[in-house]
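In what follows, chain A forms one complex with chain B and a second complex with chain C.
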Partner chain A sequence: MIKYRVRYYLLILFAIVNVPVLAAPVIEIEIRDHLFYPDEIEIPVNTKVKLLIINQDNTAEEFESYELNREKVIPGGSRGVVFIGPLQAGVYPFFGEFYPKTAQGKVIVK
Partner chain B sequence: MKNMIRIGFVIAIFPCLATADGSAIDKVYHPYTQLLEHEFEWRVLSADGKQKHQLAVGKSFSDRLFVEGYLIANDNKDNNFSLEAYEIEAKWQLTEQGEYAVDWGVMVELEKERHEGNWELATVLLMEKEWGRWVGAANLWAIFEWGDTRKDELESSLAVQARYRYSRSLEPALEFYSGQDTRGLGPVLMGDIRVGSGKKLHWETGAIIGLDSKTPDNTWRFLMEYEF
Partner chain C sequence: MLLNSVIIILREVLEAALIISVLSALSQKLHVSRKWLIIALLSGLIGAITYAINIKVVSMALDGVGQEVINASLHLLIYSFIVLLILSLKDQSNHRLMVFAMVSSVAIAVVREGSEIIVYIDGFISSPELLLPIIIGSAVGAGLGISIGVLFYYLIVNISLNRAVKVGLIILILIAGGMVSQAMQLLIQADFIISQQPLWDSSSLINERSLLGQLLYALIGYESTPAPIQFFCYAISLIITIILTTLTIRSYQQRPEL
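Up next is the complex of A and B:
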């Protein structure tokens, strides 16, 4: 009986905290010639931000950052959305998984 | 060279593993899928001298749908290794990661025993929530079983994981499993090893300790995925 209660309460808990994000600010990042533009973005502390990543190349790229806990494949000639934050102050590097030597950038949280 | 050392470390800590049939101890799924992803997976569960091996191949069909096919084999105490079942699994990512306070996904699994006309259909609600470097994941299973030698039965089970994102190659976690004949809790280690552009090995290993008399005292679990 206890195990059924545990499952029930856990489900209720997750449902309660599943509140939508209210209009997160949008920052655009372009991928061109396997580089990020801009390669440095600044966001405020404790603020959720929507990154709109536009891949202008013909090849796919993967936006990846362990520090931001995000991975997102964006096919060539298309766009993808990555939500980041709320974050503590600091520098959070990101890179392109398919072209890691050139596609590099960082999110600066102030 | 660094990657070779890491792979060696993972293999070295891989215990002689596997599961009691009907155990809810398996792995904790995450509600995310990636476009253009392919995957090979080997999963082992070991308890009471029995092992369950799962070999899988998977592919994403969109940025929200990932499908994986499994061969399931058992290795019993008498070393009688045999293919026991087939399974197909489809996972849908329902929300963008970080878009809502909780990330959601859903999974459907269909399993058929090889020698008997027995079937199992499962639907799983996948949830994940981030708190800084801590990540909590929960899987809520509803399983319907039927077949020639199995009575119709509806079961539920729960798997919960609390993971600390220490580094890409090493993340400690605590997992809890609860099901009809299972109540287990134990530590798990996992990590990723990058093996090239767009390629990585993901590994997990852990020991789940039985919390009641029906659950084996120790269930070892090991998983290795090659994603490309």
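Up next is the complex of A and C:
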């Protein structure tokens, strides 16, 4: 009985936690050969966006942006989520900290 | 690649090195055996390896924000153990509690920073032509970070006990405040806390990319574009630790020099 009750509360907890996740549009970014695909993404002003970063390389990469205030390791052959926004109009560069020579991109907020 | 790895490793090592140096200097001044440091480093290393091995699982957990949740928890734990340390220093009879707080904060800092270093270097093992510059760069970065730590250690060890406790605790509470601020940033990134426009933009004044910016980031949790909630929690956490530290320092001034 208690077990079921715990499950029930967990379900409610997850539902609460997940509400904003469902609301945000998802944009996929792939990492291949230490490059971002696409390396330019456009998002609307004042909108929260969920970036799903898929690392196809077998080496780890760190998605980083000082302008967006974001930093996250994406392990090789794995994926991770980074939420950005709501943002004002402008260009927000991001880069792969582990391979910064090639892994460069930007978020354009319009 | 070489310079890049210097900066990456320096940044990771610096935070842990600062905590380790301040705590070992304090235990030296308080005549506490430094056996605790070995235990802390070893358990931290085991934790870091375990975390690095499971990084893929963690990354995909909780809808892709498992890393943020774990890292934010680690940062908040470091803050809590620093608070515990300040409390235990006030009432020095509670020796065990003090050592427990020291071991825990160092071990967690090593888990947090060590796991990222392992994940970073591990990526280059499969590309031998890059491995050597990466290892040289990492060694230089680690050397720089440790040197700054050693500098702080001697700075604290060579002053009187009262002053050492004062300086050591001031550095610790600034680092602890930075931990809270970083935890908030991670929770915003994971969408657990609502995201807002940054309070200010001081990137033209002190860029986070610069060496000074990196040092300030490790030391006081400097952010050039902090979110309001980040700044607010940073301020609250500082107020709490400042009050506790003032009480602790006062208790040291009332007792004779050891």
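FYI, the second predicted complex is superposed on the first by the 88 of 110 C-alpha atoms of A that agree within 3 Å, B and C clash if a C-alpha of one lies under 4 Å from a C-alpha of the other, contacts with A are read in each partner's own complex, and residues count from 1 in each chain.
Methods note: a residue touches a chain if its C-beta (ideal position, glycine included) is under 8 Å from a C-beta of that chain, and two chains touch if they have at least 3 such contacts.
Since we're looking at a predicted model, the values are computed, not measured.
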{"item": "Touched partner set for A:N58, first chain B, second chain C, both or neither", "value": "second"}
{"item": "First, second, both or neither for A:Y66, with chain B first and chain C second", "value": "both"}
{"item": "Touched partner set for A:E30, first chain B, second chain C, both or neither", "value": "neither"}
{"item": "Partner chain in contact with A:R79 - chain B first, chain C second, else both or neither", "value": "second"}
{"item": "Residues of chain A contacting chain B in one complex and chain C in the other", "value": "17-18, 20-21, 48, 60, 62, 66, 69-73, 75, 80-85, 88, 97-98, 100"}
{"item": "Chain B contact footprint on chain A (complex, rising order)", "value": "3-4, 6-7, 10-11, 14, 17-21, 48, 60, 62, 66, 69-73, 75, 80-85, 88, 97-100"}
{"item": "Touch list for chain B against partner chain A, complex", "value": "32, 34-37, 63, 96-102, 104, 125, 127, 129-130, 132, 135, 138, 140, 156, 158, 160, 165, 167-168, 178, 183, 197-198"}
{"item": "Footprint of chain A on chain C - complex, ascending", "value": "1, 4, 8, 55-56, 59-60, 63-65, 67-68, 116, 119-120, 122-124, 126-127, 185, 188-192, 195, 197-198, 203, 207-209, 223-227"}
{"item": "Residue ranges of chain A in contact with chain C within the complex", "value": "17-18, 20-21, 24, 48, 50, 52, 58-62, 66-67, 69-86, 88, 97-98, 100-101"}
